[in-house]
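As written, the chain order gives the labels A, B, C, D, E and F, with residue 1 at the start of each chain.
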Amino acid sequence: MRIAVYPGSFDPVTNGHLDIIKRSSRLFDKVIVAVLHNASKTPLFTVEEKMDLLSQVTSDIPNVEIDSFSGLLADYVMENKISSIVKGLRAVSDFEYELQMALMNRKLNPDVETIFMMTSGEYSYLSSSIVKEVFKFNGCIKGLVPDEVIDAMKKKVSL
Amino acid sequence: MRIAVYPGSFDPVTNGHLDIIKRSSRLFDKVIVAVLHNASKTPLFTVEEKMDLLSQVTSDIPNVEIDSFSGLLADYVMENKISSIVKGLRAVSDFEYELQMALMNRKLNPDVETIFMMTSGEYSYLSSSIVKEVFKFNGCIKGLVPDEVIDAMKKKVSL
Amino acid sequence: MRIAVYPGSFDPVTNGHLDIIKRSSRLFDKVIVAVLHNASKTPLFTVEEKMDLLSQVTSDIPNVEIDSFSGLLADYVMENKISSIVKGLRAVSDFEYELQMALMNRKLNPDVETIFMMTSGEYSYLSSSIVKEVFKFNGCIKGLVPDEVIDAMKKKVSL
Amino acid sequence: MRIAVYPGSFDPVTNGHLDIIKRSSRLFDKVIVAVLHNASKTPLFTVEEKMDLLSQVTSDIPNVEIDSFSGLLADYVMENKISSIVKGLRAVSDFEYELQMALMNRKLNPDVETIFMMTSGEYSYLSSSIVKEVFKFNGCIKGLVPDEVIDAMKKKVSL
Amino acid sequence: MRIAVYPGSFDPVTNGHLDIIKRSSRLFDKVIVAVLHNASKTPLFTVEEKMDLLSQVTSDIPNVEIDSFSGLLADYVMENKISSIVKGLRAVSDFEYELQMALMNRKLNPDVETIFMMTSGEYSYLSSSIVKEVFKFNGCIKGLVPDEVIDAMKKKVSL
Amino acid sequence: MRIAVYPGSFDPVTNGHLDIIKRSSRLFDKVIVAVLHNASKTPLFTVEEKMDLLSQVTSDIPNVEIDSFSGLLADYVMENKISSIVKGLRAVSDFEYELQMALMNRKLNPDVETIFMMTSGEYSYLSSSIVKEVFKFNGCIKGLVPDEVIDAMKKKVSL
């Protein structure tokens, strides 16, 4: 069985992420969407909330699983018999950072392969942080994130 | 009447900014130089001081106005009947970020156009932060910023 | 009156070109779409055919004119009292070449300004040469070029 | 069964190509290495010679097949029930061209996915044309291409 | 006598840094490796510890000296009769930042020259911060930094 | 004695080339400007004419020599006891090609070092081909190439 991991912060998951999840799910027997525990940042959503939102928006894709991890991705990959790391590429600046990460992950674990998929043109300007920035000033984020995420963001703010 | 906005932090305004202001003022009936209120940073100058410096160094260009804004640029544009956003491009890294912003602003407001002007070769290495860095260690910033800005920076430090 | 020129080969005009023409026509009193006579290439369409196609697809934009030129753009600009050169940017590789051209044009004629507009995300992969390549092998180019252009390309091939 | 295609000119196949072939063969049930018939270029090897060399150097990888194609890759993909196109990325300039191609191929055939793999650091400076250039002036190409290719290149020259 | 400076944070020195030090030592009569005092960051090693590690790993290169500096590099260069600044380039993003710095340093001191050397392909993914990240989660950093640095990092952690 | 080579086509030498020659002559005991014999192109000037022009415009720099070569640069370097190859960098696209070349040259000859110098901001848009293009249409090239080169280009055209 070929298992891939799609790692990220997903704070929150955008339609660009969802596009990569859907397309990668056709290439592998199983795709694990893995939320990174990142102690050094102050995210909008907790890891549990992020996993819950990811479960909701991927509920119609049978071979997608949601998980979380901390530490090195190379270790997570080894423990879960994962053969591929999936990353989305939007721009040249992504490209260089991800190339560096891919080469480091191959050094740490030569059996794992990083594969890159191009983000659809319509999502090339999308990032979780730009979504949060627009939302903070009451800009419309309809079409940028799944509707479930808009609801969750509104609840967060009203707390 | 065609109105453009040239938004930025201007902390402080450099000769590179001034070059873009002068050149864009020939393309539009009015150019509004809009200082962004940015709560999350600790600038050298207050918004009022930045606006005052901008007024001084653009006093000889009749169709330039100085203003400030907070929140989304797309909202500011709509409220002020602005048809174009002017941005200066220096390098590839600018290019990708600005492309992302231009596409997001078009999504939020399809009637506004972002236009880019190339920074003159002689100013391609100039940024407000590099000016502050050089000044901090008593390096010469003559020719990098207008003389009024050098005076204002010296006063700041002597306080 | 503010006049801009949008120069190019237009062999053939694509929907990406048309997007830039429409958007720039809102920024200027008049936009001249200028077809370059390029002796060293073997184009699909003649300059006259290109101009005819451009006239057809821009017939609903009153302030657009179609023209052709040979020699230096800087000379054409001076002779036609043009204040701005409009260029579309798609990618980093465009960016560097166009920056070089913009700086050279400013050297040759300091009064003319080159402004850049970002190509819409949906057209970022479009170029005249890729359209011709796809068409040559009977691939579908619907949506990539105006319908008038598809008809003209079919006629060319049947000759 | 998941089938991928790795298309290219392979004039000649380099160790960088071979690295991508080996690594992609672990991700898919079958990888078809497809040599492009390119009428407009004057290659060193014929398509048959290229296919023969590819067969020799991949003989130890059971799920690799060698084929050739002409026309649109999107058509070849459809006729051969291929689900993925594999491309190697070496540098930023590759990235932009390949992104354009990937988006065009998705437009022509939404069911096919282009995935990118990073070329190993040690092969990042390798290309078929640089190998031919070095060989032409009697430079050592040992380690850049498989030994079978060196032999074949020597035979070509001695003809 | 031609003296060059190779400035940096070296927190810690990697095998990529060491590669540049060795190669630049062949081009100049003396190479000063200069550790930057950077008040605004919280480094792993103190400036003294960094200098000590650099001394250990360069002990076999007679024309290398270790020093530290604060303030402007352009001033340090002038005070030490240095004719060249050596920088390593790994990627496009390095390139633009370093170009900006090189142009600013030439403005501040027209007699000093910045020269760039390409980092070996095998070290192109190496940076001090990625080494610290991998080490933090007990990943293997053997081969990425000199062995003396691994020992020093282990001691730091055990404190 | 430290000898460097600055290789190129120099068809014709521009002020950008001359800037690199002057600056590199301060770093090395001798700089050889080496004109490449390139059989596959149709240059404006012959190799002899290029060498003659280079001699004229560098006559005031005592440690510069003019030469020509064909074949592999790595071979020329070895035969002439050269320790460094000097290249000028203008832009990101230069950077990637030159990185590829530098890594290949190190593979062919591990003892030779390629060093890069940044082209001055004012020459960043300059290339031999853009100079020829502007000259062809009677545009002013004063300030872009040495005056000796303008004279030689005028003579060429009048033949």
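Miscellaneous remarks
The criterion applied here is as follows: a residue touches a chain if its C-beta (ideal position, glycine included) is under 8 Å from a C-beta of that chain, and two chains touch if they have at least 3 such contacts.
The structure displayed is predicted, hence computed values, not measured ones.
Chains that touch both subunit C and subunit D: A, F. Ranked by separation of Cα centres from subunit E, the top chain is C. By number of C-beta pairs in contact, D-F leads over the other of D-F and A-C. Looking across A-D, C-D or B-F, the pair that copies the B-C interface, with over half of its contact pairs the same by residue number, is A-D. To fit its Cα atoms onto subunit D, subunit A must turn through 180 degrees, a value rounded to the nearest 5.
Where subunit A touches subunit B, under half of the residue numbers in use are shared by the two copies, so each contributes mostly different positions. Between subunit E and subunit F, the centres computed from C-alpha atoms are 30 Å apart.
Inter-chain spacing, taken between the CA centroids of subunit B and subunit E, is 34 Å. For the pair subunit D and subunit E, the distance between C-alpha centroids works out to 39 Å.
Looking at subunit A, residues 92-93, 96, 99, 103, 121, 124-125 sit in touch with two or more other chains. Contacts between chains, counted with the stated touch criterion, involve the pairs A-B, A-C, A-D, A-E, B-C, B-E, B-F, C-D, C-F, D-E, D-F, E-F. On the side of subunit B, the complex with subunit C involves touching residues 2, 23, 26-27, 83-84, 89, 92, 95-96, 99, 102-103, 106, 113-118, 120-121. In the complex of the two chains, the subunit B residues touching subunit A come out as 71-72, 74-75, 92-93, 96, 99-101, 103-104, 107-108. Partner subunit F is touched in their complex by these residues of subunit D: 91-93, 124-125, 127, 130, 134, 137-140, 143-144.
Those residues of subunit E whose C-beta lies close enough to touch subunit D in the complex are 92, 121-122, 124-125.
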